[in-house]
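In the two complexes below, subunit A is the common chain; its partner is subunit B in one and subunit C in the other.
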Partner chain A sequence: MELIQLAVGGVANGCIYGLVALGFVLIYKTSEGVNFAQGDLMMLGAFVALGLGNSAQMGLSFWLAVPLAVCIMFCVGWGVERVVVRRIFGQPQFALVILTIALGFVFRFVAGSIWGYSPLVLETPFNGVNLRFGELVISMADLLTIVITLALTFGLWTFFAHTRIGLAAQAASQNQMAAYIVGIPVMKVNSLIWGLSGAVATVAGVLYATRGAIDPNIGLLGIKAFAAAVIGGLGSLPGALLGGMLIGVVEPIAGRYAPGGIAIMSPYIIMLAVLVTRPGGLFAQIHMKKV
Partner chain B sequence: MTVLSVRNLETFYGAIMALRGVSIDVKQGEIVTILGANGAGKTTLMKTIAGLMEPEKGSIEFNGNSISGHEPDRVVAEGVVLVPEGREVFPYLTIEENLRLGAHTRRDNYAEDLELVYSYFPILKERRKQSAGYLSGGQQQMLAIGRGLMARPALMMLDEPSLGLSPLLTQEIFDIISRLNAEQQVTMLLVEQNAHIALATAHTGYVLEMGRIVMGGSTEKLRASDDIQEFYLGRSEETERGQKRWKRRKTWR
Partner chain C sequence: MRVVFKTSYDRDIDLHEHGLDRGKMLGLVGLMILLPFLVNDYYLAEAANTLIWALAGMGLMIAVGHTGQVSLGHAAFLAIGAYTDAALMNAGVPFLVAFPLAGLLTGLFGAVIAIPAVRMSGIYLAIATLAVFVIVEELILLLEPITGGVSGIAAPSITLFGISFDRYGELHNFYWLILAVVILVTWGYANLMRSPTGRSFLAVRDSEVSARAMGINVTRTRALAFGLSSGVTGLAGALMGHYIGFFNYELFSVFISINLLLVVTIGGLGFIQGAFLGAVLITGMPQVIAILRDGLNASVGVDLGSIPGLDTVLFSVILILFIIFEPTGLYGRWLKIRTWFELFPLARRDMFRRHKTYLKTERMK
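Take a look at the complex of A and B:
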């Protein structure tokens, strides 16, 4: 029973890693680089929602504050591409890595100077609501996290597989030159994807905030999410989610049953094991590239 | 009627001048070929027309409207489509998705064009649910041409369609190019290393050397020229003494 209880909490945690990892995958697919500010986008999204929704701040209703925060962060992601990332177009991949690490610092500083560095709690209508299934206790926040994550992943998958713009975005990531040739406005598609990853990060941030206090340093969770994205094989949306869940489930179980310290290392141990056995990640597209 | 008219086009790769004032005309319904050695600037010319490269000077007019310096998506929407060198398909998308992307700039219904492409390339219909990365080189070339057709182009620019293909497959591709021109009235600008087949397929030709047009005219006229004979068709002439002439001045040098 204890194991199941741990696993449920772990899945919910893993969903958040998975959502941040989705952001990594989105950017990796379009800009061919890793956005190390993804965790900080999540943090900023959570704070924007908190700033809009908490009664001590703007005091909007939770159900209004969250969509508004998602929209604002979509614009932030879009703007980051428009104003900064576009300028390093054509530079080596490493430029994007350095750039996004720096952006992460900027976001942390911005959030810190607006909302301070002490932990804050997002007020939600379901704070402390728990559901009981026999001996199993599931908090409303955990349940919502799981449901929303699954829905969002499915939504993103549908967007990429079945819409005209989604198809264009896939095309732009697979062969940029050919995408230009068939008349896809590649730059606009890239901006859109950055916006989308900002929006996804905000959803992750809000879900994270429903489960505990937030401070400007929660963005460092992005490193674990990066491990999740690598485990799934950077470039696969379902892979990212699964990688996140794997880490999320193993972490609390290792914390309970394994010697101290293992739990913190577990995401990276899994990442190493995956990289050694399946270098492309669990859901790699790479093996097809040899054709 | 002239559809495409390029005047004094100059394009640079950094400090290197790749096009040194190129002027060409493409008439409605024609196949126009551009001959030239490696590095003559053929691909650069096509990329500049397609909007992938910015021209430094000169003008590109398509149906009387200037398209020079436009973004590639606007050039495609105007009806100028490039079938790039080296095929460049979307490897992880299915063949049908690749073709649908060819019609990306179009808002109208393109189901008919899809059938048209399949009628010219039946193999693509057979394999339409497979990833394009699994196609052979010749089939990828067919897919690239089919993808170009999906935009219902007024002018199709083909960059080295024979690259890396066997002679038999090259012949097949060029037969289809001729048929598309005759049956669908697609005007074409064709860059090709294989001068024999290019001169046999096209109506008009230009010779591009070191970024300049050095010769132009109907393909009959070009084929009759000594320079073309020697430098592009590889016919070797023997002198009275029975020796091969190993050094000869080109008329334009």
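Take a look at the complex of A and C:
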């Protein structure tokens, strides 16, 4: 029973990792770059929702504050692409890596200056509501996290597989020049996807905040989510979710049954093992061209 | 304008383009040797710190600047170097043995990690090194008998041939020791870059496919470069341990990795000089900020000290500006200025135009 209880909490936790990982995958799918500031976008999204919704701040209703926060963060993501990322369009990949690491520090500083560095709690209508199934106790927040994550992953998958913009985004990453030739506005698509990943990050942030207090350093969770994205294979949406859940489940179980320290290392050990055995991740999309 | 007429191949691959460059370099080395007689102990310690950072920066430069392998985990190699050196010396091994051994072990560790990691393309290697960093950090805590765990470890003071190189007692001796190591490594690095091995690094960086076509074993070259890179960083870590004196795992945070990346990017990727310029900037900036802060506090009454994290955000903004406007870094900017003066009035704007490439997926290469 204890194992199942741990696993349920782990799955809910893993969904958060998965959601942040989805943001990585979104950007990787369209521009083949990695946004190391994704975790900090999540943190910023959570704080924007908190700033709008908490009674001590703007005091809007929770159901109004969250969509508003998602919209604001969509604009932030879009704006970051327009103002900063577009400037290094066509530069080597690692320029984006270094740029986004620096951006992450800027986000952290902005959140820290506005909301302070002490932990804050987001007020939600379902704080402390629990559901009981026999001996099993599932909190409303956990259930909501799992349901929303699954729905969002399915939605994004549909977006990439079946809509014109989604297909255009994939084309832009596979061969930019060819995408231009067939008339895809590559830069506009990039901006849109950055906005989308900001919105997804906000959802992740709000769900994270329903489960505990937040402070500007929760963005470091991004590194773990990153491991999740890599385990699933960067570029695969269901893979990211699965990778996140794997990490989420292994972590508390390792913490309970394995000696100390292993739990913290476990996501990275799994990731290294996956990278060594299957360099492209579990849902590999890499095919080597022979020369 | 200066025309260098090369009459032999040896001349072409010489370390310095002509005698004047050699003279300037000798002058700089001479000035650095005489530094303890010119400045007081505070600035001498800062200079020693800068040299250590330059050494670590050179380590990262081999990987990032010259082989094109981005590493986000070089703080791990600093840590391994520092702990190996301190633990060996605490066990009674003399510095002359412990120091090279620290570099060697770190280099071996780096190469062992690199062998599976170099099969991955650019971004995956960056991630793998980040993972290695986290694992090393946890291992330091787990291996408490050697590393001292949370409470940390003391690096004993160095004595060579009966002469003390203590960090606090004999600072000038310590400074000269660091300077000697840095000069030796720089010399070796510069020579490496004009050897076939060094050239194969550049070939791998610029185009893996063409490097392979020319008969370069890409995996071996990358593993070698990464091993060398971590070895040099390990040496820097050992010196950093002696410089700090008493340290625990917190000294080698992920921010150190990022600062190192900052050193090589702002300094100028692909230039040994860049590592030094970057190190001067990163060790000098906090001093400048502190002076500015005091100045503002005294004259305008604005207390910047009350804003936490201001240093980090300033570094980040500088990094963003450099990536966007001057990706070749400080040394690249210096080259542009120098060329402008050398060719005056013939220099043109487009001479240094960044070339852009259309992206093609790595997933189906």
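One rule holds for everything that comes next: the second predicted complex is superposed on the first by the 287 of 291 C-alpha atoms of A that agree within 3 Å, B and C clash if a C-alpha of one lies under 4 Å from a C-alpha of the other, contacts with A are read in each partner's own complex, and residues count from 1 in each chain.
By definition in this document, contacts are C-beta pairs under 8 Å (C-beta built on N, C-alpha and C of every residue); 3 or more make two chains touch, one makes a residue touch a chain.
These numbers come from a predicted model, not from an experiment.
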item: Partner chain in contact with A:175 - subunit B first, subunit C second, else both or neither; value: both
item: Which superposed partner A:65 touches (first subunit B, second subunit C, both, neither); value: neither
item: Partner chain(s) touched by A:207 [first = subunit B, second = subunit C, both, neither]; value: neither
item: Which partner, subunit B or subunit C, touches more subunit A residues; value: C
item: Touched partner set for A:43, first subunit B, second subunit C, both or neither; value: neither
item: Which of subunit B and subunit C A:91 touches, first, second, both or neither; value: second
item: Which superposed partner A:185 touches (first subunit B, second subunit C, both, neither); value: first
item: First (subunit B), second (subunit C), both or neither touched by A:167; value: first
item: On subunit A, the residue positions that both subunit B and subunit C contact, one per complex; value: 174-175, 177, 180, 285, 288-289, 291
item: Residue ranges of subunit B in contact with subunit A within the complex; value: 50-52, 71-73, 75-77, 81-82, 84, 88-93, 97, 100-102, 104-105, 131, 133-134, 147, 151
item: Contact footprint of subunit C on subunit A as seen in their complex; value: 31-32, 34, 84, 87-91, 93-95, 97-99, 101-103, 105-106, 108-109, 112-113, 117, 173-177, 180, 223, 226-227, 230, 234-235, 261, 264-265, 268-269, 271-272, 275-276, 279-280, 285-289, 291
item: Subunit A residues touching subunit B - in the complex, by the definition given at the top; value: 164, 167-168, 170-171, 174-175, 177-185, 285, 288-289, 291
item: Contact footprint of subunit A on subunit C as seen in their complex; value: 64, 70, 72, 116-117, 119-120, 122-124, 126-128, 130-132, 134-135, 138, 141-142, 209, 212-213, 258, 261, 265, 307-310, 312-313, 315-317, 319-320, 323-324, 327, 354, 356-365
